[in-house]
Every structure is written in structure tokens, then in C-alpha cells.
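Following this line, the structures themselves.
Two complexes follow with chain A in common, the first pairing it with chain B and the second with chain C.
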Partner chain A sequence: MAVDKKFAGYLCTGCGIGERLDAKQLTMVATREGKMASCKSHPMLCSAEGVQLIRDDVAAGNATHVMIAACSRRAKMEAFNFTDIAMSRANLREGVIWLRPEGDEHQETTQEMADDYVRMACAEVRFMTVPSGSGEQSLNRNLLVVGNGVTAMASALEAAKAGYGVHLVCDEGVLGGVYKDLYKRVPFRAAPPGVSNARTAPLPQPEEPGIAEMIAEVQANPRISVHLNAKVTKTSGAPGRFSADISTESGGTVTENIGAIVQATDYKPYDAKRLPEFAYGKTPDVVTNFEMEKLAKAANGGPLKRPSDGKEVKAVAFIQCAGQRSEQEGHLPYCSGFCCTESIKQAMYFKAQNPDCDATVLFDDLRTPGAAGEDFYRAGQQAQVTFSKGKASEVVVEGGKLTVKFKDLILNEDTAMECDLVVLATGQVPNTGPDPYAQLAVDEAPTEEEKEAARRALAVAPPSILNLDYRQGTDLPQLKHGFVDSHFICFPYETRRTGIYAAGPVRRPMDMKQAIDDAAGATLKAIQAAENAALGAGAHPRVGDLSYPTFRKEGCTQCKRCTVECPFGAINEDEQKYPQFNEARCRRCGTCMGACPVRVISFENYSIETVGQQIKAVDVPDEFSEKPRLLVLACENDAYPALDMAAQAGGSTISPFARVIPVRCLGSVNLNWITDALNSGYDGIILMGCRRDDDYQCHFVRGSKMAAERLSKVGDTLQQLRLETERVVVYEVAITDVQRVPLLINDMAATVEKIGMSPFKF
Partner chain B sequence: MTEVVATNETILVVGGGISGMTAALEAAETGKQVVLVEKRPYLGGRVSQLYKYFPKLCFPTCGLEINQRRARMNPNLRVLTMAEVTGIKGDKGNYTATVKLSPRYVNGNCTACGDCEKAVSAEFDDEYNYGLGKRKGAYLPYRMAMPTQYVIDPRLIGTEEADKAKAACKYDAVDLEMQEETLDFPCGAVIWATGWQPYDAAKIQPYGYDRFPNVITSVEFERLADPQGPTGGKLVRPSDGKEAKKVAFIQCAGSRDRNHLLHCSRICCMASLKQCTYVADAWGAEAEVSVYYIDMRAIDRFEDFYAKVRGIEQVKFIKSKPASVVADKEGNPVVHGVDTEGYKRFADTFDLVVLAVGMEPSVDKDSFPVDIVLNREGFIEADPGNGGVFAAGCASDALDVNRAVQHATGAALRAIQVVNGAAGVEG
Partner chain C sequence: MSDLNTAMIERYRTNFLKEVEANVEEGEWVKMCMQCGVCSGSCPLGKFWAHPPQEIFMMIRAGKREEVLSSDSMWMCTSCYNCIVRCPRELPITHIMHGLASYAKRLGLVAANQPTAKFAQLFWNNLMKKGRVNELKLGLALYFMNGFGEGIKIALKKQKLGMNMMKTGRMNPMEILGGHAVKDLSGFQKVIQKAQELEDARIAKHGA
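This part shows the complex of A and B:
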């Protein structure tokens, strides 16, 4: 790490910067005010020659801290990509000349805007340190896979195939999980080429389940240690250095060192006792789809008999969506996504054994997606399974007969059918541990009453699966309906616990084939987490970032805001109640830095100072200048690109008094920045973060929300300073708000014009 | 000449849409060397042409921004655009790939300043907007295009327009002498992520896509809704620019159909539900939306979204596969069919009809450039016979974005298993 900081500035005069702005003036600002030892100009800094200019200075030892005044930090990233030095970028192209109109009357304020951006970039780089990683980690090539079924076995096999070791923790005496009684499985493939589209064309049929073979493969693999009848009783540490206690029913406990974790605990079959309307429990002849597999397995191709009296089944009804897709209390509101093909398969068991058996599937929407799904639906039709669009309301038991009452949705009439056996297509209930934020709710409930309510919620919570020794609870946080992350469409494996990845039906309901594929994806993420932890490098979305948060212990007041607000539960508290950052768990969003009231938390390349000094570096003219200053703190992933794109599109202009600073996440915004800015005479402050409700788009999950909560208290500060509350606003901004972002900035300019300048000018 | 540094531990990813990008990034971020080859002049594929994602109604460009930053910063990843894999020879762990690079006529000096675009006047149909608008002959495919580098349309070459573009460039970025190149380089494993294309709606004759301008496809509707699209986000119909307030969505247009695609494309129900919200958001109480469907396939957690759209008063659902669409004198499309719930005939008039067309594999199954196991719909099946070639995303089946990314992440692991074997890590 460079101890001696060598500051060097570079100014690009290309893309109109040289024509629109006074380059000499900018150079002077960089060297005299910005304290750059030099500031070289180049007509096209991003060209090979321009980049070489910088590289030569770095190689000669003349530049360890580089300020580049050119285009947006989002442009020419590949050209200005230097390792081992600190770099800041002054955005003169998109940020200034492309957002400001040409013309002499604008020249003065546009130049002042550019001068400020150079001052800010110089200030930023002066306070940056080149990140060097903690050196805390080493490579651990063992994964912990938790689960007893197909998903867990698939994960273990995939990891082993890539050369990694696996501890597979199964809570039962045998592997196989929910599918261990499977008679056949839904075919994984669609019809091959050459099969015609004719109604009689041969189509894939139910196939051997392959579970026994999979178990044998797992048991034979030398890289996989199977722990049967075992549970994870404690997990501590971080990616690359997890420590897991694996305890068996017999009382023994082993402690294993682990690189990363896959939770593949699948699902629990829905409890059909909650469906009395379908006579489940009243007669053994109403069975669930899971029990149906056992019947089929027992029959093993022979006549399928009903449980009550062993009579051969001549008519069977399948009730789809049993206790699912329903808002009724105790039902599952979602679709389990696997029951349609399961029922088709089971109906085909009857047809294969006895073509005269009536097998009817009562469905609302039949959901057989993809090429394989639709071919299998056709295979069911070929087998002469009856598909009837109808909504079952009741199963009546009378003597030995079952009557299914349903509304025929095609004929639009209430009707009924008689049968020997009813199969309820019940759904998947994710097998997850307690939601950690349910636990926090107890800890943090302000009143005894609320504490009690939270305790009641906790009392019905399932036992922990991972037993994480984390400040923020023992298990993976949950989204809706008990499923765990990810909430992001583009990033399905994002979890809020770095290095721990969910696979299979704990993430979302899914069939066996998808669960096997999902296991591969989650296993890749686990391997990746272990590999990057070994390098001291961050995980998604700041992959490769070597910096991590540190704190000044003597300044810390042990207020716990950082440990509570971290969206990723990365921070524990040590025995003396100081924060313990666990850098491999950290995602580098800076929410802890934003939370800290005494500003003791910082990253080497992003800190209270790197932003605070930019705010201070801006030239604030006096109250009578008619040149207000508007501070814009914008999320670097959404609001900042939107502004860049507004510049690129042309046609938008922004107030020349705005000074925009990109932040990693609005969650990293420290209230002290706001207070300092107000105290030093800024006239308006705009904060732009991502959507923060249930459909949050904040890529650090809760960062934007945390920031909004913190900033709701900024009113007090404004009151103390006797400033108007309109001077600080927080907006939710999306990357598509290309037209809106400039307007929001200009709105603040108009507000300041209306309410007047801040009196706090120095 | 373009040079590619690669070994038999390199992973080749074919296709730079969301699946290919994901597979490439996940492998590169696990420390593997990756070459990503994309046919278009930019990454992002069809996802970049979507306005919103279901069910969150968030914006695809948000995730693309992250993925593009990941791609730009990763030293393990090499991206080739306007490049097509024409052949792969060899065996698992030891392939040679042949890639054809088409000339972009713009080199890496490009600062995306836009001067060349201003200098030329020739216009062409804009592929990014599915031909609903025009673009210049010198163009940036769309605002977030990566690489951020202009393209000169090959149809300009040899004309004065091309010379104008060259003359306008201050940075010597326009290179009209650029030639097609063919590269051979080694790789150990291949991820095939060539994605999908919308089924050709003109083939569904009774719906009149080729006859009635106010019958459009779901992918075109997505461009209409996008504020960055050809209408600035206004839902207006192509024939006369009239506001499209009464809109029909026809599900399974050319899908689950023996005459067209046999398969269900999985995404079309959800896409139409999403597009219902576009119409409701645009026109409020004045919106009138009809969704004609066989089965609404809002699978798993998506059921919540279906419930949400069912709650929109202006949207109604009719269980029917419409028989035909005709146009009345004013050019309004009229949808004919039978509501199978109660067997009632209908003839409903709309401002605009949107055909929810299915996904078919981008690569024609009869001329696949590599030896691989396909199903009859042309999707790649997982098979040991595929050696070190693994499908990712919609090349394997009709998938939504979330599932495509999930599948692509798994494909990255399977490729890593092969190159780890090649590197001697395994064992």
C-alpha cells in the first residue's frame, strides 16, 4: 500500500470540454485548490495515448492518486481501469456541458459548475486509500449442504464434480427427502426431433425416478461426507471461514470448517387435514398426491387399490389446487407449480394399469409450461385422461362411494361425479427456519404489548435450520409466504446472508427438474463466495472490491445502529459490545457508515471524508450572489445513470447550481453530511434512492429504506437551524426516470428561488 | 486483426443476452477466463428491449446497469460483439471455436459523442424497436448500449453518407476499411445461450398480423409502452396514431398449437398481465382490457401478480382461443370467438389487438452449428452426449428472466467442472 500519496490530475479536453470550458482555469483549480501536484491536459484522454500518459506517471511513481476530469465515471470505464491506484472522476461531459445550454449568458455559471466538480474530485481522491484486503481469509474448498432430498444431493454432486468437498447434513436416517417414495417421475424431456405433431405421435412417458441411483452416487463419492440423522446446531464465522457444528441424534457433535453454505431443505407437503371440505381424514380413500405415490409404489404396476377396502379403483378424481391459490385462512395463496404435471402422471398410472379406469383431473388453469410440460400434457390426453375445467367444492362420503361436487366451468353449472378414490393435489410449504426479523421484532418492540405479539409470532416459528450465530437472527430472511430470497428478478441467488445460498423449493415452489438445475446455480454461487472470500474480495454486486468497513474504536459509542441496520446481517457485536464487521459477509454498501451517528465507520475507498470533503470543496458564494448551491446525493446505480442518460439524450438542462455526488447506496448517506451541508450554506439538498417498498429495487435491499427512515428525522435539524423543511427532499428514482431527474433538480432550484437563499453562508 | 487470448481452460459463452451475460459473469467472477460472443452490436439481448419486468414491474435497465458494470470491470472477461460462432470442433476440455466478426466500422476510439449520427441523413428501420421506428445509418443501438460505441450500418458503406460520418469524427473512430474477420481460438467448455426470438405472427393467418396494422405482437407493445421507445411511451396504435384505450390480448398466439409452436412459452401469460397494467396505468378508468386465454399460467409465486391484475376493474378475462380477427371500416380490429365458459359467441371491437406470441429458439434446429441434442421444438436437452457444451437460459426451454438467470448460473458451474478437470483441479 502506498504510504506516500502522489496526487496527479488529468484533464480531457475532448468531446467539446475544451471548447465549452476554460481548460486553463480547470487546471489551475486542480493544482492550486485541489492540491494536485500536476494536472496534465490531453485532447482525448481515453485514447491509448492518453491512458498511457497516466500509466507512465503511475509506473514512474509519480501518481498513486489520480483525478480524471473528463466524462462520467460510467463512460470509458474500460479505458480508465487502473488497479493499485486510487482514482476519482470529475464528470465534466455528461455532468456539465451536456446538461448546460450553450451561450455567453450561461458561461460563467457553467464554468463554475465545472470548477466545483474538479475541486470535488480532487477532494475525494485526496481522502481515498487504495484498498488492500484484510488478509484475514484463506481458501476453504469445503461446502456445507443442508437438506435431505434431491436438491441437496444434486448440490453435493455438482460441487464434488467441480472439485470441492461437501458436508451433506441430512436430518433423517436416509436420503431422498420428500421424493423418496416416488414411484415414477414426470419426464425431464420433450419429444425428440423426428416425432411428428400428430395426435398419435409417441411422447415421453412417466420415467424411473432415479432417486436410488442418486443416493448411491452421493454415498460413493469420496468428496462427499454424509451426516445422517444430523442437524446443524451452530454456524458462525463468514464465507471462507464458517465453522459449523454438526450434531447427530446420538449426541455426538463434530465441528467443520466451511467455505460456503447451500440450504437445500426443500419443502414440507401441505397438511391436508386443513381441507375438511374434501373429506381428508374422514376416509382413507381421499389421499394427497404424496400418499398417491406410495400407493402406486406399493402396487408396482399391479392394480391400484383404494386404501379403505382394497377394492380396485375404477374411477379416480384429481382435485387440482387443493388448498392452494386461495385466500382462505390456512390455504396457500400461491401455486406450487408442480402439481399439474404430478396429477397427469398419477392419472396415467391408472390408465396404464387399466385403460377402462376413469381418471379425471378437475382443474382451473392447467399449468404445464415449456416444451416438456406441454408434451406431457399431450401424453396425458393420449392416455385418455379426462381434463375437466371445474372447481371442486366438496367431497361427500356415503357408504363406499365418494362424490365430488364441483362447478363445471365450461357448462357453467353445479354438478357432481362419483369415484372410488380422490387425490388432492396439495402444495409445497417451504422448509425454512424462523424469519430472523421476527426475532428482531421481539428484541426491539417498544412496548410490552408489541413484544408479546412478536413473541406469539415467534412461538409458532419453526425450529432453526442453520442456527447462525449472527446478531440478526439464526436463519435466512424471508420474503413472502415463507420463501427466502431472492427478490431480484435479475439476480435470483442474491441472499441477505453472504455465502449462504438457498436452492430448490425453499426459494420458490418448483418441480424436481428445476430443483436439480437450481442446485447447480446455488452451488456455483457458494463456490464463488468461497473463492472470492479467499481473495478478500467482495461479493455481488461489488464483486472484487477489496475494501471493507473499519471503525475507530475509541470513538464508538456502542449504539448498535450499524449492527442493526446492516441489510446483510454482516455485523456482530463482540463481547465488549463493539461491532465486529466480518468483512467476507459485507457487501460494501456503506449502510453502516450511513448509520453511524459519530462517523467512526469508513471504507478505504469510500468514507465519511471522501464524500464529506467533496461537499466542503464546493465553492459556496455569499447570500447576495444569487448563486445558490444544491447538493444532490444520487444512487450510483439508478439515479446517477438516469441523469447521465438525460445528458446523453440531449434536450434536458439542469440548474447550474446543482452539484451531484454519486453514492453507493442511499443507505450510506450519513446525516452528518446533510447537517454539514446545511451549516455551510447549501440552499437545497436532494436525495435520490431506489424504490423501497415491498417491491423494493434497492440492490442493497434495505439501504434506501434505512436512509429514508434516517432522513425523516432531518426535519428536527432544519428546525433547529430555522430553515424551511422544503430544503431537503428524498425521492425514489428509477433508472428509467431520464426525463424526471433533471426536473426534480430544477424543482429544487425553483423552490430555493421562492423561499430564498440559506443564511448560513460563510 | 482482433486477437483473443484463450486456452483449453477458457469458457466460451455464445450469446450475450441476460443468460449469456449471467453465465459469463458468474464464471468470470469465480476466477475463470471467459470469452463472450454476441451477434448484435451490444449486450443485453431481448431483455434490453423490455420496458418492465413482471411481477415487480421494475426496470430491466436497472439490472443491466449492474451487469454491464460487472462486465466492464472484470479482467477475466473478454466480450466480442457483432460476432457469431460458426463452428466448434474437438472434444470436451479441448475445443477450437471459429468465430466470424462482422465489421462495425467504428473502433474503440469512439467516445459516443454522436457527431457521426448528426452528420448522416440516411435512415433505416430500427431493429431495437422491432421496426416500429427509424434510426440513422450511424447509430448507437440504444442509450445504454454496451459497448458504448457507435455502429455504421453496412448499407452505408461505399456511399457519400459513410464519408460524411468519417469526416465528422474528431477521434479517428470511424474506420470504413474494416473487414469481416474469422478467428479460431481454443476453449475447454462452451455455454450455449443464444436465447429466443418471437414466433413469426404473420404465420397465424386468422389473426391478420400481416394485414391489419392494429394487430401487433407483445414484443412490439413493450416498445410502445417504453418512454424511450418510438412513441415516447404513448400507447397509440400504428394505423392512425389513435390512443389505444380498448386493448385485447390474445394468449397462446401460435403456441400450444399443432399448426405452430407445440410448446407453451411460459412467459406470455405473465407478460400480458404486466401489459394490462400498462394500459390501466395509461388510461385509468377509460382503459378497457380483454385477455383471451386457454389457461392462465401464473406459476408459483406469480399467482400474487395474477390476483393483483384480476383486481383491476378495467381488465376482464375470457376463456377462449379466438377464432379470428378482422378489421372494421375504421381499421378497428374485431376479435371473433366463443367464450368456452358458458359457450357464448362474441365479436368484440378494439382499438388495438396484442398477440401474445411465443418464444422459439433463435437458432434454427435444422442448421445448428454444433452437434447437440435438441428436442423437436429445437430447444437443447441436457445430455451427456453434448460433451462440454451446456445450454443456458432460453436455448434450453421457454423461460422467464428469473429462471433463465437461474439456469445460466447452473450452466456456469457445469462449464467450470469441465475446465477444472482440464486444469487438473479436479481429482
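This part shows the complex of A and C:
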């Protein structure tokens, strides 16, 4: 392979590069130091003519490895889109001229900066190979959808509409899930535009639930196989080639080949027995919102009667946030986001049947998410449902009468109301399997107290849902409160298991309409995953990336760090205890590469060498030159684009001594690069990754956290080298930190000026 | 307690909201309040009210009949219309406030010395005579609103103001002798009579 490498450099002199920089000098650097066989210049390389110049060389067999010195690798991607060659880009436009002030006094250092970027890009491309994909699998147009309810049914129907086959696994005897007893549903649509705010305006009313129709549609669809009373007892493989064992209660097991998986197991109703203060369980006249639906369904439009004595309800109180939005032990700390509209709907049942029935909703904050939300609230007010801002503290049962004690939060007084029936608006508990990292949490808890808490959580873990045959546990990892990890804004549906998507209330609390919409989103992501897997290409966020990690077996010490640290559980172990990379499960973040202490893991176009050689390629002047060198390793997802944007916006300048290298994720940063850089005389190192921990923005979820953990130990290395600890800093950077990123770099320049140059220059 | 008030208590028993809907001008809107509090925050005199509009609406729904109707809050409204402009639910709050005041007066629940109520009555009586307000007479009536002695005191205090107004032709002392009327006084009276009939019919419909 190596003998076939033909290196060619191309320099663009457009966009001011030619005026600001010495093109002749750059060409010389590329050919003499960068070892490019040639380096052609073009006044506008991204034009059709310029691109053709490169294509001609490629076609003539003169270029297999191309170095383009022009704009940022994030610019002109459509023009410089060559799939059949290896390519590196020296960022002279955003990286140099747009971040440096003009003027003769700056010319020398600016030119040196550009020279270095050309050296770095040449070094990078010399150690790259063309990614070719593994060709491990073919297209499998079948989805596995796990769940009983509307989310799962909606997902199955969406997949079928897209031409995919579906295995729908339902662990009950009938479909419908938590909503099968629904009498009416909250309306799906807001009032049409133009409906006024008038108190008599026609507003959306409770609708027929539509569950039976949905079940019929699922059952009639030839593309959907419904497995009732069934469980997934084993899932193995990877996107495009999952194998799922579906076992029924009667003992039969079928094994199906699956392209991708949607987990839509919805939620379990909160156990109201944990609310003795509201007399739940003491009298049948205190019911949950779920039981209320059953009462309404039984009455079917007739008088609503209370369970204890069958007396018609004349006054009903709804207690919102029952066991929710509370830090109290056993309560849910979050808002379930569906109970306010449910209570409005149920209060309207009473008003529709008997306008003289007093229906009071005791709320703290009435939250009505969803399209119809606010209009539906107004519909409830039109029907004369009484909404009282109040916090219920107790329900007292006395001789068949219920008294709700509450604090009126508007009038600021403790008061009480009598009623015949109390409805508790209880919340959603995600229906997920055990947290795969629960054992790890026990092992890694810093204090005995936390260890005990982690142990308790492990002891009450629910049974597995997916039974993944992964080294990293049987189910989807969780983030907070047992919800499946799924970034709520930037990348919903994505979980930490590639090819398995979470839809509906398993990933965050939501109402029925949102769950149905969510199902469509997750299903489309699942289909994308299956299609990408067939091409051997990566899924979000490196969609289409054909490279995947491989390791040099003879160098591997079986330390297992890669298998533990992979955020996506992509790496299993083979019989000989060597890591086994499942390329289709891989997101190409390189966290394994950063973890490997013996540096045997690499990608074809991204490796310890491609970055390490860039670090080495930089010209480091001696200690007395007053020209320090700052290495910036910037995450390509947020920090590097932020720096590009700072350049594009203009007005920002950075120190001419900084050399920025984009990395796929801070998690891919191997400590070896840091020690190498320090040893070769860099004066300061800045690492920029995404926000980590609970409200993370890391595109690979755990990458920046892993990096932070590893780098917390870099202080020891610095002390061993007798260097100041300020020389290495790690920052969390968001893509919006456009003004901050240049300042961070300049801060380091100031620090180096203060503490002096590194003594490690040769 | 007036007979009417007793009758109303009997008729609506616990449901004060329904009573307000039936009897108070624009009272049907009260249920649409969403308790955001923008009205209370917008009211320039809000801090002088015992209960700002948001609270009044909440009290109506909580069935606090006596407290609402005997409150002086709605009498404090100066009709600046800030609340109406700002209410996200577009409730005619100012009108509801005046409706509540008017209903409280009909029921005889207004405190004996409520100054706004007294002024309103004097204004109305003055207006009815000639179809226009006789400012001289209205001014004097206000001076003597709280008794003869006090009236003299105020009149002496305001003497200079009165003289200046006369000098600049802003006030005609001859107006004390009856004063001038609108062009078509009998027409005006017919209009008022018709309005009264309509209002009586509306009230009769709700049994009060």
C-alpha cells in the first residue's frame, strides 16, 4: 500500500491568501519539507477549474494523497469532495489570515504560522490511507420495535409506510399499553388560525381516543408482524445485522434478522401508594388519573359515580403534581408533562355530563405543552372548570366525605374544600431495563454512602427489555431519573447504542401526541442507521464516514480500557480476550484510540500518527527566540467551528504562536500526544471539548468526560517533567463561544509570557 | 342586609361564580382568567387596593362572596385600561371591575362612606338634570359632600382657584342659576329612560 502513495499539494491563492502570504515560500515548504511530489497553485482552487486540476492529477494516477492549502476543512466541502483519495487541508484562510491582523510588523509570525499549517497538513496526509469500509453487511430492511403502546404502534406504522418490515414485540396479550383504557384523548390540534380570544370561541374539545383504530391498522398491515405476550430474550450483532430472539409466553422462540431497533416501551404509571397523605388506598374515592379514565370509560357518557357507594359525583378535585416535581423521597423530581392536560380533559368529562358538578383543578403551575395545550386550557375554562392555584397538603376522609386541605397560593391562605371524589394527577416512570452502568456505579462510587445508594439502585433494577449480548450490559444506558440517554435538543432519539433508538416517554416524559410524533422521528433515524450500515458508513454525527477503528493485535496488552470506555458499547471481547470491534456499532469518535495506553488502535484516516506527526511537523524555534508554540487540540464538532466562525465574523485575532489541530472528539486525545508535545518544546497546550456530565453537549456523549478524567492525571506528568501545571488546560467550549475561543488561546499566550518558555526546546 | 342580597344568597348558594356571570356586566369572562397576574402588575393604583384584579377573580372562583362584594377594590379603579390592554386572555377587566361595583351597590353592600361611590352618585344626579355636567354645581356638591362646615372650609381654601377660573372665563358664575342644558333635553331623557328599561329587563331576567 505504502509504495503506491502519490503525494500532491495544491495551494489556493484566492480569498486574500495570495496577497497576505508568500505563496512561493508555502510551495517550497510543501515540496521540500512536506515531501509533496508537486505543489500547484491556483487563484481560486474551489472553482470548477481548480477542482478539475486536482481531478486530472488523480485520474492520471499522479495523486492518491492530496494536501490542499486553502480554507478551513469545514468550508467548500462540496467542491473538495473526493471519496477515492486521502486528503488533508491546511487552514490558511480562517486559521491564519482571517485571525491575524494585517501589517508589516505581523508579517513574519503570520507567515510562519501558515508555513507550519502546510507542514502539518503534509505530515497528516502522509500517514493517512483511503477509508474503504468493511463491507461487512448488506441492507436489512427490517426493524424491531419493542413496546405495547401508541408509540410502538406509531413507529411500526411509520416504518411500514417507508417500506420496511417490522417485528413488533408486545409483552401483553393486547396492544394499547398505558392508554388502552382511555375514554377520550386530549385534542391533537390547536384551534385553527383566526379563532379569536373571545370567551365563546370554538376551541378544541376532548376527542375519541383512536386506539382501537390504530390497533386494527397495525394488525391489518402486511409488513408488520405482531408478537403478543412476547419478550426479546437476546439481541446480538450490530446495525444492519442484529439478531433478535423473540420468545413468547408459551415457550416458542423465533430468531429474526434485524436492521435497526426502536425501543418504545413508554412508561409505567407512578405508584400512588407512595402518597398516603392523599388517602390513596384508604378509600376507593381517591383515584389516580389512570383509574379515572377507567371510571369514565365505564360510565360512557352517563353520570360519573364514585367507586365507594355509587353516588353520583357532585364535586371533584384534581390534585396536580401528585408525587411529582418534589424532592421528597419516593417522589418524582420532574414534571411528567402530560397530567395538566389530562386533568383538564377529565374535569371536562364531569362538566359535559353535569354542568352543575363542581370540578376544581388544584395546580401549582399549569403547564399545557403540545399543539392544543393553551387552547384546550381555555376550553376547560369555558366549561367552567375551576382552576385554583393551590398546593394540596392532605386529603381527609370522614364519613364518606372527602376534604382536601390546601394552601391557596394566590390568596395566600390555608383552606379546604369538600368533594366526593379526588383524582391524583400522577406521573410517568420510564419503562426501561436495568441501567447497564449500575454495577460500574457501585464499583466507582467515591464514598461508602454513595456506594450503598448505588447498590440499592442495582438491587431494585427492573428486568431487561432488550437483553443485549453486549460486553457493556443488557440495556440502553440512562442519563437522569431512569430515562434513556438521548440528547433532548441536539440529537434526540440517539442513544448510546448505535442502531437502537428511543422513542416516546422512555427518553423523556411526554403526552400521547408527542409520543406519536416522536415515534416518527426515531423510526426514520432507525431506517437511516440500517441504510448507513449497509454502506459500511457511520451514523450520527459522522454520517457517511467509511473509516472504522482497527487494532494491531500483536501490540495489544488486553487491558480492556477500550472496551470499557467506548461510549457506545461497540467493542466486545473475543474468546481470546482481545477487543472485537463491531464497526457498524462504532460512531468513529476515537475514544478507544485515546484510551489505548499502547497506541495500537487507529482509523485509516485518523490515528495516533496523523495527529502526532502534525505535532512534530511544527517548527519549534529555540528558547531565546521569544516565539513560543501553543498547541490547541480542538473538538471538530464545537470548538473548531467556533474558531472558524470567529474568523469569519472578523474582529478577533489570536496569538500567532498557536497551532490548532482539530480532533474528532476530545475523547480521542491520547495522552501520548500531550507528552510528545511537551517533550518537543511546546510551551502551552489547550484542549477544547464539549460540555460534559449531566447536561452534556458532547456529540459522543461520554467522550469529553473521558478526556477530562484522563487529563486530570496530566498534572503528574507535568510535575515529573518539572513543568508548571498551568501549561496544560482543558476547556468546555460550546459552538456559540465564538468570542470566547480566541480569548482562551490568547490567555494561554499571556500565561506563557508570564511563566516563561519551556526548557524542552532543542 | 337588603332583601335583594338575601334573595341572591338563597338563589346561588355556594356558586358565587355563577352569580357573577349572571348579574355582573361582563361577568361571564371571569372564568377565563388564567391567574397570570399581569393585571395586578399593570395597575397604577394596584398597591392601594386591598385585592388587585387577579385576587378578585380568584376570590370569585373560591366563592368569597362577602369579601368581594364589600371590598373597596373595584371602587379604586380609575379606568386607565392598562389591564385590558395587557391581559393575554383579553379579559375586559376594567368593565368587570365597574360591573362588580355596580352590582355591589344594587345589593346595598357598599360601605356607607365609600368616597368613589358617593362621587359617582353626585355625578349621576348632576348629569341627569340637564343632560350635561354642571361643573360649578358638581364642584360645590363635592365640597359639601361631607357636611356644611367642611364644605365652607374647602370653599374658602379653593377661593383663589375659583376666582382665577372666573377671570379666565373657565367658569361662569351664572351657571349656579339652573345652568344650560343639552340642545335636546327631552331626547336625552328618552335615551336614558330606554337604557334604564333595557337594564331593568336584563336584571329581571336573572331574577334580581
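Here is the rule we go by: the second predicted complex is superposed on the first by the 696 of 762 C-alpha atoms of A that agree within 3 Å, B and C clash if a C-alpha of one lies under 4 Å from a C-alpha of the other, contacts with A are read in each partner's own complex, and residues count from 1 in each chain.
Everything below uses one rule, namely that a residue touches a chain if its C-beta (ideal position, glycine included) is under 8 Å from a C-beta of that chain, and two chains touch if they have at least 3 such contacts.
Note that the structure is predicted; figures quoted are calculated from it, not measured.
Considered on the superposed chain A, chain B and chain C are sterically incompatible, since they clash.
Using the contact criterion defined above for the overlaid structures, shared-chain residue A:I410 touches chain B and also reaches chain C. Contact with neither chain B nor chain C is seen for A:G9 once the two complexes are overlaid on the shared chain. In the superposition on chain A, the chain among chain B and chain C reaching more residues of chain A is B.
When both complexes are overlaid on chain A, the residue A:Q697 reaches chain B alone and has no touch with chain C. In the superposition on chain A, A:A191 contacts chain B only, with no contact to chain C. In the superposition on chain A, A:F488 contacts chain B only, with no contact to chain C.
In the superposition on chain A, contact is made by A:F387 with chain C only, not with chain B. Of the candidate stretches 63-71, 171-179 or 333-341 in chain B, only 333-341 runs into chain C once the two complexes are overlaid on chain A. Residue overlap on chain A between the chain B contacts of one complex and the chain C contacts of the other covers 197, 366, 378, 389, 410-411. Chain A contributes residues 197-199, 358, 366, 377-378, 381-382, 384, 386-389, 408, 410-411, 415 to its touches with chain C in the complex.
Listing the residues of chain C that touch chain A in their complex gives 15, 17, 28-29, 31-35, 54-55, 58-59, 61-62, 89-90. Residues 14-16, 44, 46-47, 71, 74-78, 81, 158, 161-163, 188-195, 197, 325, 327, 333-337, 363, 365-375, 378, 389, 409-412, 480-481, 483, 487-493, 508-510, 514, 517-525, 527-528, 531-532, 540-541, 543-544, 637-638, 641, 645, 648-649, 690-691, 695, 697, 699, 734-736, 738-739 of chain A are the ones touching chain B in the complex.
Partner chain A is touched in their complex by these residues of chain B: 18, 26, 29-31, 53, 56-67, 69-70, 72-74, 109, 111-113, 143-144, 148, 170-171, 227-228, 256, 258, 262-266, 295-304, 307, 319, 340-343, 365, 373-377, 379, 381-382, 397-399, 401-403, 405-414, 416-417, 420, 425-427.
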